[in-house]
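Naming follows writing order (A, B and C), and every chain is counted from residue 1.
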Amino acid sequence: MRHAGTLVKVLRTTQGGVSAAFLIAVILCAVLASWIAPYAYDIQNLSAANQEPSWIHWLGTDEFGRDLLSRIIYGARTSLTVGVVSIGISVLVGTSLGAAAGYFGGTFDRAVTAVVDLTWSFPEILIALIFIAIIGPGLHSTAIAISIAYLAQFTRLTRSQIMALKTETYVEATINLGATHGHVLFRHLIPNALTPILVAAMLATGDAIILEATLGFFGLGAQPPTPSWGAMMSSGTATIFIAPWIIIFPGLAIALTVIAINLFGDEVIEALDIRARLRDS
Amino acid sequence: MTDSTPAPLVSIRGLSREFGSRSGLFSSPRVLRAVSDVSLDIPRGKVTGVVGESGCGKSTLARLALCLIDASEGSVRFEGVDLASLNGGQLRKLRRRMQMVFQDPYSAIDPRYTIREALLEPFRIQGVGLSAAEAGTKVEHLLDIVGLSVTIADNYPHQLSGGQKQRVGIARALALDPSFLVLDEPTASLDVSIQAQIIALLERLRRDLGLTYLFISHDLGLVRYFCDSIVVMYLGRIVEILPSAESRPRHPYTRALVESTFEPDPTLRRVVTKLSGEIPSAFNLPAGCAFAARCEHASDLCRTERPELSKDRHDHAIACHHPID
Amino acid sequence: MPLLAVRDLAVSISRLRPLDGISFDLDKGEILGVVGESGSGKSLTAMAIMGLLPLIGGRVTGGTLHFDGIDLAGLGENEYRRLRGRRIALITQNPMTSLDPILRVGEQIDQVSRMHLGFSDSQAKKHSIELMQQLRVPEAATVHGQYPHQLSGGMKQRIVIAMALAADPELIIADEPTTALDVTIQAQIIQIMVDLVRDRGLALILITHDMSVVAQACDRVVVLYAGRVAESNRVGPIFASPRHPYTRDLIGCISRPGQVRGSLKGIRGNVPGVLDYPPGCRFNPRCDLAQMVCAEKPPEMEVDGASMVACHFSEGAR
């Protein structure tokens, strides 16, 4: 594998190793939530509401007496799923659009570029909000709204990669052998463009988790009782002075996860030496 | 053409290509004529050289000849078939007969492909099914005819030297048994020692496989050594066609090229004084002869009226009002 | 005393020794060609003279470099800086990247004479325009106010040469100055450099891989191969009767008018990397005269007047 060496290089650095370990822990929480979490995420116990961290409830309880640690562990599932799925959709659609626009050019390219440039000039959250306003709140709409918000980034990145790669001699050589457009795109251009796109996708997943949390904070994302870090912070605002842990621990979960993703991504960019290629878009 | 001359393999008539360039959203596009009204026959089994400096349209001509880009005007016939009359599928099929060796061996192979994969790709593209054993034999044979060891087959391009990469490029072009090869400055980005190796290889392959070459180069010395006839281009047009490498150039531009080509002999030093000035921009060509501004023989006629290309009885064609004798 | 005297120069980069035993002299008014394929050590020699080796983590680990009596190897960075650009100037291969894209080209030439000669703005500008005229830049005053992207490759290379000349140096090192240019422009630039040396009594080191450029321009030639001197001589005898097979093969790589097709040979194989330098004569794996001894023992340098050659069969190459 061409990238196995890169991964080893990244994991050998302190920053890469620590952030990777943390991310693996978060992923394990998300996957194994029902086994790891000490309590169910939706069992209320109003007599034990707003308890501070203790040996029984390591991170305390929320205003309904639900175990905060359990909810954060389950919340990892929501955040990661929304982040990964929405960015996955973004990458898939954005890569297809960008590759077609960059390769074929012409009117299609101009149309795509115009739309991309237009959405690029708005903040992602605004685009997401507009779409949620149209299709209504909920977990699915959050995922779709986030994927649309990041569509422009991947379309743009792919298009610029393809534009640069299609002037490589091997593309012309392949066409001269009688290759179809499909062959050129899928066998040469997209595989060669993929590395920076995947790295950008990883970094965007971090942003998407923040965006999901923000939408959750406004009550537009996952609906109760499904735990979501953003929604948990939101409910903590009411009790911020009597039970600050309700807002602090989900906030920490968001911050640490996103920082870990960014630190890991930075090391990967460094190891692959693709900073310039990412910036060019 | 008299009846005694066999039909050329490739026949180019009145070929032109324009490129539009738009510098901003609101500016009107500027048009660059990269190739203007080029007519040329490429005889079978011969090496036809095209020589000129950067921007003379020689690389565009190479791509037009293979229909890699579309012509604005004019036609290219390959074995009598007009390439423009073919549909996409027919043209893709015909491509096995006409191949190209590119200037830059460093980017001519996809960096993600091993040499073996790169050499087998032509067969996959053309839908030629090969068994594993046949594929192995093909790779071995192709590497062998370009003088490479089969041990490099599983290397990636970045593990090879420039000369080795160019040999792989030639092997790939030969994979489908073409009859016509366009060589677009195949040695320009290589060391002189490697250049000579590649030229020797191309010469051997032409003899052994009966290939026809269109050899594009900026190096008149090399073209005179390697080619049977020489086409000299300046700013998109043919200015002179030398029917043989020994023909005495008569166009002042070709003369200037000769005088700018140094020889590996200190007793034959050139006195470089004649050619001054810069090559004009292809975006706004002068009305008359494009070379007039740099030509010491230029008259008022040259600056107002463009000389047509005309042939003398020795097949020596020249586009000049005041050819040198 | 020669202007530049290089004796047994050796260069190391970490534990590797890409260059050793390099010797040559250069007088005022002379053009020395340093030739060889890529990887033969030409540019490294130039960097050693310019004191730029630390940039790539290298240093001089043997021999001496004397410029006008100054021991270059013993010079501190501050002293070197006063020499570099002022008395020794470098012209690099790629004119496209040696100019600052956001500064007018005239300003870039002016800077050199202001910095090294203490000229005022107006003096510097006048000096620059005179230089550009000498280099046959048409409408020099106009070009002085233009940006690099407005100029052609040949014109940019003239600006780079003007920058090199602006502080009135005694020695110019030109590293493949015409490789990126068209042949007619190459011919003009080479002619300009030859005229400069003749008119101003400059000394010029012309680094190239092209023996035809050497034949056209140089007085003396040093042929490098894999970090060592293969042969060195005056230009006439080296072309008339090369004594090292590598020299002969390099000359044989260039076609001559009327040469029979199929007679151009090239040199088989490649220059070895510094990790793969073979024992004995480093050229032996590619040499058609090689015998057992060539792979076993490095040849001694034979010195005979201006001629230097390192080959066990220096007579056989003729």
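Here is the rule we go by: contacts are C-beta pairs under 8 Å (C-beta built on N, C-alpha and C of every residue); 3 or more make two chains touch, one makes a residue touch a chain.
In UniProt terms the chains read A = ABC transporter permease; B = ATP-binding cassette domain-containing protein; C = ABC transporter ATP-binding protein.
Here the structure is a predicted model, which means the values were calculated and not measured.
Q: Starting at subunit A, figure out the least number of steps needed to reach subunit C through touching chains.
A: When the steps are counted carefully, the minimum from subunit A to subunit C is 2.
Q: Name whichever of B-C and A-B has more C-beta pairs touching across its two chains.
A: B-C
Q: Can you identify the chain nearest the overall CA centroid, using each chain's own CA centroid?
A: Answer by centroid distance: B.
Q: Which whole number of Å gives the spacing of the CA centres of subunit A and subunit C?
A: It comes to 54 Å between the two C-alpha centres.
Q: How many angstrom lie between the centres of subunit A and subunit B, each centre taken as the mean Cα position?
A: Centre separation, subunit A to subunit B: 50 Å.
Q: Measure off the straight-line distance from the CA centroid of subunit B to the CA centroid of subunit C, and report it in whole Å.
A: So the centroids are 32 Å from each other.
Q: Going by the contact rule set out above, which residues of subunit B touch subunit C in the complex?
A: Where subunit B meets subunit C, its residues are 53-54, 161, 163, 191-200, 203, 218-222, 224-226, 246, 256-257, 259-270, 272-273, 275-279.
Q: What part of subunit A is in contact with subunit B in the complex they form?
A: 2, 168-170, 172-180, 183, 187-188, 191-192
Q: Using the touch rule from the top, collect the residues of subunit B that touch subunit A in their complex.
A: Where subunit B meets subunit A, its residues are 63, 66, 68, 91-96, 99-100, 102-104, 107-112, 121-122, 125-126, 169, 172, 176.
Q: Residues of subunit C touching subunit B in their complex?
A: Where subunit C meets subunit B, its residues are 37-38, 136, 138, 152, 154-155, 182-188, 190-191, 209-213, 215-216, 218, 235-236, 239, 249-259, 261-262, 264-268, 270.
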